[in-house]
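Quick one: structure below, then a few questions.
Each chain gets a letter, A, B and C, in the order it is written, and its residues are counted from 1.
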Amino acid sequence: MATAAAEFPSVGGLSLRRRIFAYLGWTLCALAFLLLSGAMIWILSMVFLRGLSALSLGILTHTTEGTGGGLLNAIEGSLLLAFVGILFAAPLGLAAGIYLAEYDTGALAPTIRFFNDVMVGLPSIVVGYFGYVTMVSTLGWNFSLLAGSIALAIIALPYICRTSEMAIRQVPRSMREAAFALGASDSRVALSICVPIAMPGVLTGILLALAIAIGETAPLIYTAGWTDYLWTGHFTKEPVAYLTYVIWAFISEPFDSAHALAYAAAFFVTLFVLIIGVLSRLALDENAGWKNWAKRGAKHK
Amino acid sequence: MLLFGRTLSFPSRRLFLAGAVFALTLALGGLVGTSWAAGDVNILETGSSLVYPLFNLWVPDYTGAHSDVKITTQSTGSGTGISQASEGLAQIGTSDAYMADALLKQHPDMLNIPLCISSQMVNYNVPNLNSSHLKLSGPVLAGIYQGKITKWDDPQIAALNKGVALPDHEIIPVHRSDGSGDTFIFTQYLAFSTPDWSNSLSYGTTISWPAISGELGAQGNQGMITAIQGNPYSIAYIGTSYMDSIDKDGLGTSMLQNKDGKFVLPTPKTAAAAAGVMVPKTPADERVSLIFAPGPDSYPIINYEYAIVNSKQPSADMANALRDFLTWAISPSGGNASKFLAQVHFSPLPASVVKLSAAQIAKIQ
Amino acid sequence: MSTTVSTLPDSGPSAPFLARLQKRLFTFRSFTALLGLMLAGILVMIVVFLCIYAWPAVRLNGWGFVIKSNWNLGSLYANPITSHGQQILPGAEYGILFLIVGTLLSTLIALLIAVPVGVGAALFLAEAVPAMMRTWLSFLVELLAAIPSVVYGLWGYVVVIPFLGHYVFPLMTKYLGFIPFFSGPAGSGYGLLTSGLVLALMIVPLITATLRDALLTLSSTLREGAVALGASRFEALWTVMLPSVRRVLIGSCILATGRALGETMAVLMVSGNALNYLPNNIYSPISTMAAFIVSQLDSALQDPTGMAIRSISEVALVLCVISVIVNSLARLLLYYAGRQTSVVV
């Protein structure tokens, strides 16, 4: 539009004190950013270099045996726990997100939103401890897939709720009003119109929750346990393996095979999180183009 | 949504989603299906980090011969072994410590079954002195862990090590922060040899270690090794199953003063001497301490390695599998063979104890 | 034509009460409202459960729980005695002051490092970077938040602790030893400062992302006003734009505090697991509440009286309450500032 970016006076024309202030300020800001990027690169390089050198085909085809072997059981277990957890969390989170986006009048929606946002910050060990006492001990499920995935679901739920609420909010009002004008009911507007249009945002939220679930350790230590074998199909009374346990427990063993497994597990987990991060960024960028949807749709005509 | 540069229409999106879900289910099902062999028994062994290396030697051998049994090993500390076995979360809880009376009263069906005899070293990392075995005694160690003896050249240590040039440096005591059978046997040694310790701190898998500045807490025997490796002038108590790691890293093993006042190293001979004296005192439930044995050659810190098992198992299959495995473990041709025990510097069970253990194993139903 | 069964209307004033209630109750709106309430109910359930389960320990320990620094399970191999009407092991005492101090100090150090660095990086990303690169450079910083806590612990344990313990800390004690708390034994690398550093890395993206978004969506009139008065770019940022997003900054800092308080695995692997003593300098080992629960839960299960496990649950309760209070404050502040946080946060 008319307002171009404001033209700042060149720093050269300012007094010495103000010039120093400006240069110093930008240098410090750049340093801060470099510090963070440097730390990020340090971590990634350690994980990838050591992880790649520890990888072998055997890691993907064997299960763990004591302090050596492979990671097949851990990879399968991590995926199972995360997917089953998301299976529990996604419908509930989506429904809550729909409510918060569509029915934001009155006091109930802000209250639920507040509770939801507070839940995001709940320490994961508290959820894990809660899961241990209720599901593992009192209900007698012992270390099990169900206990672990429910704990993960509780942790992922607030993320899914918030991201789906924000995604559904983005759907233009005109779509809803058109649907209502055609006689659609509340549920049809929400489920057949809003959710499909908001699907990229909702899926991004679910992917994000998946990444968080794969990376969690503390809640799973006391709900999922550990096993050296693949899942036996039992939802209760049989422990499940997961990658983050390997990272935590095997790095302190004085055996090189254990260290290799720990690095490999860290490699897989970080790679997974990275891929999801990139994917969701791509989707979000796509989504940002939503604001141009009308123009784009017009162009295709 | 865009995929490979083409905007997908709603029907093709649904097809894509359905296809993706189907493929994922197939993949997961295929992965999972490989282990849904009916009748496989899944045994979880958790607990003592002292016996962990031995179980890692046993399991591939045993499961190789018995393909319908799956055994998972975990090193979590004896305290965890006892509690998870009592709660039914693990089938075998390994522990260097037997269960306490109060705990047994709460869980009366638990069995404490010795599998072998292990021992414990006191290791240190003092530059230039790691290859000469420093002499230490129970009262001196108690003083170190209470903060009364703070430097390596303390007169009490010097009195035991005449002629050794001790450095003038703070001692960094390392103890176990998790519930540990190693802590149990170490504190029993301190309690039995030092009345002062026995009255104040007593023994247990977890005790309230007196706060000393610079003191470190480590998780597992492995954590203890890492701790003294990284900290010169530190001292720690570590099980003999890690003797090879200690020697490889060039760390020191001390000679401990036994009840008769002699200084001994942890060797099969000294362990056997101690066992010879203490084993006859083993009661039927096999909960007994072998610490601070009398005898000139006895090593003061030896113990039974217990498998804490519930005598009432949920299924006959599990009970049979456990009985078979444990019977194999205590037999001199199976788990107690020297090819396994020599690698971890343990001693086999004497024949009388094998009989007692077998009697307890028979109770698992 | 005329029907034999008269059909009553199911809505409107002439409808029967039950039919009206049914129509109002089983709507899509109330269904989703119910599911939303279930979500909120989970948080309430957790807090209430912890309160109920920890109540015997709360009664036994009283205020000493947060004032004393003595976590003692008692003589595990002795018989239980009765004290204050509860069965406990002789010598058992539960005081977690060292945990509270460890948690608060490590969070404080993390904030002291994270806030300047986070603000600087946000300023850099919002103003000094061309729009095309902004997404991916911001991604680099936000990735710090996405990396799992246990991978941070691994990096800290394997790489950072040897580096700090052998090189940095001895240098610091030599040259910075005159500052209180910076002197004294340099320790082994495990400790308060290391935990603070790792925590800082984990919470910086929270501050940076929120602040960057807030700066980007500020109205241009502020900036134009500063230009009109002759401010340089940095001066405009520092004196005009940053103060206007003050509330967002404070809100995100409080949010970051909440995250740091609850961090478990990374701290567990780098903090040194101190027991019953307070740190006397910044290199000293510490213990935090979250890490303590993980490492002591199994030991506590050995107590036949069950009081230890209830005291652990009391620790979890204290942690939960602190976290809920801090997060509530942050959210209220952010709502008041009118800023919804970004997706990643």
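Note that in this section a contact is a pair of C-beta atoms (placed from the backbone, for glycine too) under 8 Å apart; a residue touches a chain by one contact, two chains touch by 3 or more.
As the structure is a prediction and not an experimental result, all values here were calculated from the model.
Asks: Relative to chain A, which chain has the most distant C-alpha mean position?
Replies: The most remote chain is B.
Asks: Where's the contact count highest, between which chains?
Replies: Per chain pair, the contact count peaks at A-C.
Asks: Between chain B and chain C, what distance separates the C-alpha centroids? Give it in angstrom.
Replies: Distance between chain centres: 35 Å.
Asks: Measure off the straight-line distance from the CA centroid of chain A to the CA centroid of chain C, and report it in whole Å.
Replies: Using C-alpha averages as centres, the distance is 17 Å.
Asks: Which positions in chain A touch two or more other chains at once?
Replies: Where chain A meets two or more other chains at a single residue, that happens at 252.
Asks: Scan chain C for residues touching two or more other chains and write them down.
Replies: Touching at least two other chains: none.
Asks: Multi-chain contacts in chain B: which residues touch at least two other chains?
Replies: Correct list: 87, 219.
Asks: Enumerate the contact residues on chain A facing chain B in the complex.
Replies: 65-67, 76, 79-80, 83, 136-137, 140, 142-143, 196, 199-200, 225-233, 238-239, 249, 252-254, 286
Asks: List the residues on chain C that touch chain B in their complex, please.
Replies: Touch list, chain C to chain B: 70-73, 75-80, 89, 91, 162, 165, 185, 187-190, 272-277, 280, 284-285, 295, 298-299, 301-302, 304-305.
Asks: Hey, which residues of chain B end up touching chain A in the complex?
Replies: So the residues of chain B in touch with chain A come to 1-2, 10, 28, 31-32, 34-36, 40, 42, 44, 55-56, 59-60, 70-75, 87-89, 219-220, 222-223, 225-226, 242, 245.
Asks: Where on chain B does chain C make contact in their complex?
Replies: 76-77, 79-80, 82-84, 87, 100-103, 105-106, 170, 177-179, 202-209, 211, 213-219, 227, 230-231
Asks: Mind listing the chain A positions that touch chain C in their complex?
Replies: 3, 6-9, 11, 14, 18, 21-22, 25-26, 28-33, 35-37, 39-40, 42-43, 46-47, 50, 92-93, 95-96, 98-100, 102-103, 108-109, 111-112, 114-127, 129-130, 132-134, 154, 157-158, 161-163, 166, 185-187, 190, 204-205, 208, 211, 214-218, 221-222, 244, 247-248, 251-252, 262-263, 266, 269-270, 273-274, 276-278, 281, 284-285
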